[in-house]
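Following this line, the structures themselves.
Okay, so chain A shows up in both of these, paired with chain B first and chain C after.
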Partner chain A sequence: MGMIKKVFHSPKFRLGFIIFAALLLFVFLYPLFDSGDPLEMIAVQSYLKPGTYVSQYDVAGSDGITLDVVASDKKLASHLPEADRNKMKTYLVDFVGLDANQVDTNNIPKLIEQWMDNYNPNNKAGLLVSAQRDYRNINKEVLAALDAGDIIIAINDPETGELIQNKTIHDQQYVQVSSVANRQVFPLGGDNFGRNVLRELVEATKTSLMIGLIAGIVATAIGLTLGLIAGYVGGTTDNIITFITNLFTVIPSFVILILISYSVGQEARGVLLVACIIGFTAWPWTCRSVRSQVISLRNRDHVNLMKLSGHGLLHILTTGILPYIASYVVMALILQIAQGILSEAQLSMLGLGAATSKTATLGLMMNWATLFSAVVNGSWWAYFPVVIVIALMSFSMNLMNTGLDQVFNPQLRD
Partner chain B sequence: MSNENTSCLKGVGLTKIFGSGKKSVLAVDHVDFDFKNGEVISIVGESGSGKTTLSKMLLGLTSVTEGKIYFQGKERDISTRAKQKEYWKGIQAIFQDPFSSYNIFTKVDGVLLDCLKMRGKGNLPREEKYQLMKEACRFVNLEFDELTNKYPFELSGGQMQRLMIARVFLLKPQILLADEPTSMIDACSRSTILDMLMKLRDETNMTIIFITHDIGLAYYISDSVYIMEHGIFVEHGTSDDMLMHPKVPYTKRLISDVPKIYEAWDLDSITV
Partner chain C sequence: MKGYKKYFRKRIVWYLITLVIAVILNFMLPRLMPGDPVAAITANSAAGLTDRTAAQQIYDEYAEAFGLDKPVYQQFFIWVGKLFTGDLGVSFINYPRTVSDMIGSAVWWTIGLQLPAILTGWIIGNLLGALAAYKGKFIDKGLMPASMFISGFPAFGLATILIFIFVVKLKVAPAGGGYSFDLLPSFSWRFISSVFVHYQLPFWSIVLTLIGGQAIGMRSMSIYELNADYVKYSRFLGVEDRKIVGYVFHNAMLPQVTGLALSMGTMIGGALVAEIVFSYPGLGYTLVRAITGQDYPVISGCTLIITVMVLIANLALEIIYGFIDPRVKAAQVE
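Moving on to the complex of A and B:
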């Protein structure tokens, strides 16, 4: 108990823990508020912009209320983007001769008023043909922006096939958003398959954590067992294990990872298998550090006393050595989990991750975003949140690890 | 005693080299000895002279680089775990540092329970085991009921070493190897511990190999003394011979290094 308290006294561990816990909490609570298949391809279009989408059909069908506001600046602005307004200013200043100070591109109603007063389609003096066409188009937009004509909704008479006017909508008519029956919220937009990115991200974070956890546990289990045996038994056993460990270290684990992943084959690669493959290549580091810790412990007198008391190898390893390195193993496990998540992302980026469209992982999301050129499109929502989540997980776990290190290694304590 | 003067532990050309190549350390260098049953033997030497290394070899806790060890006249064989266990029924130890002798994650009374198991008494009824452990604790002036459920850090150094003696009391080995058992504890507990060791010997006729850097102490408790310098036994003999007629300069220096307190005090009060 005292140990846990001490651990939480470390500010680094606390910060890391808070970030990690917040992430976990979000991932597990979010589905309660936004249920729905995270991998359902909702949009026909790819890379939907983030936002709330309401059914146009429902809006047209629902009864509006009238708000006494004139066509808003927003409506005008949507017709006349900044570039057009600048062109209008150029026309008014250069050809009409208004003072540049009088023309304000941000005061759209005033600008439109000035334009209507001064624009003359027949005045072609000194204008290029392309410029004349530009101004004609702008004038059309201005007229459209000013147009407050009603929209008529007609339905098809099933018998006669004639259009029957059903309803008119005028420009001061509004509909309450929540009264529109069909709404879709895409807080982080849609991805290339038309999926809801946030839902997918939550699901992917869960899966990636799972992969990290499994990979971390596999790596720690192998590394710990081999490290304990190599360090404690020594001799030939140690030499053999050290040789294997070195073999795995000399060949970069990532290369082994790629080779195994590749040889397993596209179809067979499920999430669980990928996690195990990652774990299987990540153990040498744990093994080596556990081994050196055990070597420094195996000649201690408490181990000698256990031997003299007739205890066997297994009992000495589990009660005389393991508890002494437990805190260290926990730290190694945390790092292995963080590394596992990163490895999955890297592997999937290369197209060697889990081959599936049934689950999303952070790496797969990155892979899809790259394959379907989200970066080039400027669809930041398809990859940036993923990068942030990976970074936060890695950062928080490393912080926790440093915090633990400070508590367990008194030399580092500040 | 019937087995008096028979060989208990004999070493021939015992050598220990740590590491290999240029960085190797010659810790024990071809030592020969013959310890008799029922004797109290002291091995005296300065820090780093190889005393602990020799004791670890005798205990079979570290490998022997060269040389042979004979236990009760027969060459020692600890090649299998069963043979090791059998050997450790005959030889036990008390280590230099009580604070590192215990597993800090297990309760101290487990140490005594292990001894009962080792003596084949693990299956006795609870009450009998309890009585045996209680008796062992009483032997070293500890209260067993106060020890149960305690972790090592809740004990003082003196209590820890006394519990170690209780352990040996339960195991009743033929040889006890005590490696500077009093060097890490206060002077007051020191004489208590020595008292208890001597009491143990008197009751069980155990051979005690007492390792110390204090030749004065060796003189008072032991029958024969071996002087160790840089891994070599430079001389040995009865404790009287060693203290009164040292031949080697190293021994003379050891004697002159002994705190003058022994001379200032009435010597008889310390003898046991």
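Moving on to the complex of A and C:
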């Protein structure tokens, strides 16, 4: 208990732990509030913008409430984006001859007034065909925005085929969002398959954490076992293990990872297998550092005493050495988990991640976002949250690791 | 120099052994999968080819090149023999382009991007780390958490963020590629400036991810050295401050060089993935296209050349380390 208290005294560890715990909490609590299938392809369109979507059908059907506000200004602004207003100004200044100071693109009613007074679709002097078309379209928008006529809802009579006017909607009529029966909330928009990004992200974070955890445990288990044996037994065994470790520190694990993942084949690559492959290629540095720790311990008095009293190798390793390097192993495990999550992401970016249809992982989400050009077309919601989650996870784990390091290696304390 | 010769010889022999094992792994791992490797390898890719004769030709060429009827060790020697003549086979997708041709053009883009980026990141990171350790408080409190946070970003993550800021929002940089698509490689001013413009984002995305980790490592190394007895003693003797800082920097840098060697593989891997985001015409992009197209010979060639690059980088670092760490020489003279 005392140890845990000491660890939580380190501000770095505390911060890291809080971030990590918050992520975990969010991942496990979110599905309680939003229990949709995270991989369901809801939208037909790809890259829906974040926000609440209400059923247009329901809105048209529900009773409006009249609010006495002028609706036309905002409507004009949304009909005429800044680019169009700038074009209008260009027209008014260059072809009509108004003074540039008189035309203000931010004063929309004034701008429209000037436009209505001066725009002449028959004036083609000095205009390219494409520019003529542009201005005609803008004029159409202006007219549509100005037209404050009511919208008529009509129902098709099934017998006569006639349209029967059902109701009219005027521009001061409002509907409360929560009264619309069919609503879909996309807090982080939709992805390329039309999935809800937030749901998918929660699911992917869970899967990636699991991959990291399994990979970390596998890597630490292999590294720890080999490191303990190499460090304690020494001699030829040590030489062989050290040789292999050095070999795999220099031969990039990235390459081995690619070769194995490719050889296993697309169909066989499930989440569990990917995690194991990552763990299997990541052990060398754990082994290396455990070995050097064990070497510094193996000639301690208590170990010698155990040896003299005839205890077996396994007993000495588990009770005489392991407890002394336990804190170190925990730190190595944390780093391995963080590295495992990153490795999965990189592997998936290369197209060698888990089989795509059944799961979402952080790496796969990144892979889809780059494959379906979310990055270039500005759909930030499809990849930015993923990058942030990856960064937060490795940041929090690195913080915890540094915090632990400072507690257990007093020399590093500042 | 005599001591060095022995050290270098030892290291070079060790790296040659490593290379041999890496080559064996590169050969063996794909062949460990159950079934007929060539059939499995060619089936997927040949299915995509419209030209039946080409598909048949590929299969025949591969069956012959692999020496399928021969035992595994003979297959291996055939493969290595071809390797020595630079023959890595023919691409499935870009048939009849050879793998060595494809990799040969990609590898220079990768080296040109990664070598300067890794060096720049390492140098800036170490300077910042040493500064944080020496100047203390202000830089330390602000800079270190920031660099820790940034180093948490994978290179490809930073790449997407840089693209969003500089390409989508500010529109000051091109979205990807190694040079403007309407140009052909040549020694003209237009081409070189286009390469330079396309170089910036990939370069800085790699540099930025490296700075954080290096700075953190250098900072703790420098703090450790600053508290060492020799520093206190030099201070006591009245040695100039600048000189002491020089010693500290030199000593703290040694483990950082070793650290660079140890993380070289991971760094290059990360940077290769960042290349994909930029469609940079280097090895990363070649590799990902080969994986999507199941172009086995290209994948094999890429992994081999990446391994060789990492090995050479490591060897170079060890040689440099031999020169800057006097203990290496001392150990050999005994």
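In this section, the second predicted complex is superposed on the first by the 362 of 414 C-alpha atoms of A that agree within 3 Å, B and C clash if a C-alpha of one lies under 4 Å from a C-alpha of the other, contacts with A are read in each partner's own complex, and residues count from 1 in each chain.
We take it that contacts are C-beta pairs under 8 Å (C-beta built on N, C-alpha and C of every residue); 3 or more make two chains touch, one makes a residue touch a chain.
Model, not experiment: these values are computed from the prediction.
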Next item on the list: Using the superposition on chain A described above, determine whether A:Leu76 touches chain B (first), chain C (second), both, or neither.
Entry: neither
Note to self: Residues of chain A touched by chain B versus by chain C: which partner has the larger set?
What the structure shows: C
Notebook entry, point to check: Touching A:Thr319, do we find chain B (first), chain C (second), both, or neither?
Noted result: first
Next item on the list: Applying the touch criterion given at the start, work out whether A:His302 contacts chain B, chain C, both or neither, answering first, second, both or neither.
Entry: first
Next item on the list: State whether A:Met365 touches chain B only (first), chain C only (second), both chains, or neither.
Entry: neither
Check: In the superposed arrangement, which partner chain does A:Gly310 touch: chain B (first), chain C (second), both, or neither?
Finding: first
Margin query: Looking at A:Met400, would you say it contacts chain B, chain C, both, or neither? Reply first, second, both or neither.
Written below: neither
Note to self: If I apply the document's touch criterion, which positions on chain A are contacted by chain B in one structure and by chain C in the other?
What the structure shows: none
Checklist line | Partner chain B, residues of chain A touching it in the complex | finding: 299-302, 304-312, 319-320, 323-324
Check: For the complex, which residues does chain B have touching chain A?
Finding: 56, 59, 61-62, 81, 84-85, 88, 92-93, 95-97, 100-106, 111, 114-115, 117-118
Check: Considering the complex alone, what residue numbers of chain A touch chain C?
Finding: 247, 249-256, 258-260, 262-265, 285, 342, 345-346, 349-352, 366, 369-370, 375-378, 380, 383-384, 386-387, 390-395, 398-399, 402, 411-412, 414
Checklist line | Interface residues, chain C side, partner chain A - complex | finding: 15, 18, 21-22, 25-26, 29-30, 32-33, 40, 140, 148-149, 151-154, 156-158, 160-161, 163-164, 167-169, 175-176, 216, 220, 223-224, 227, 262, 264-266, 268-270, 272-273, 276-277, 287-288, 291-292, 296, 299, 303, 306-307, 310-311, 314
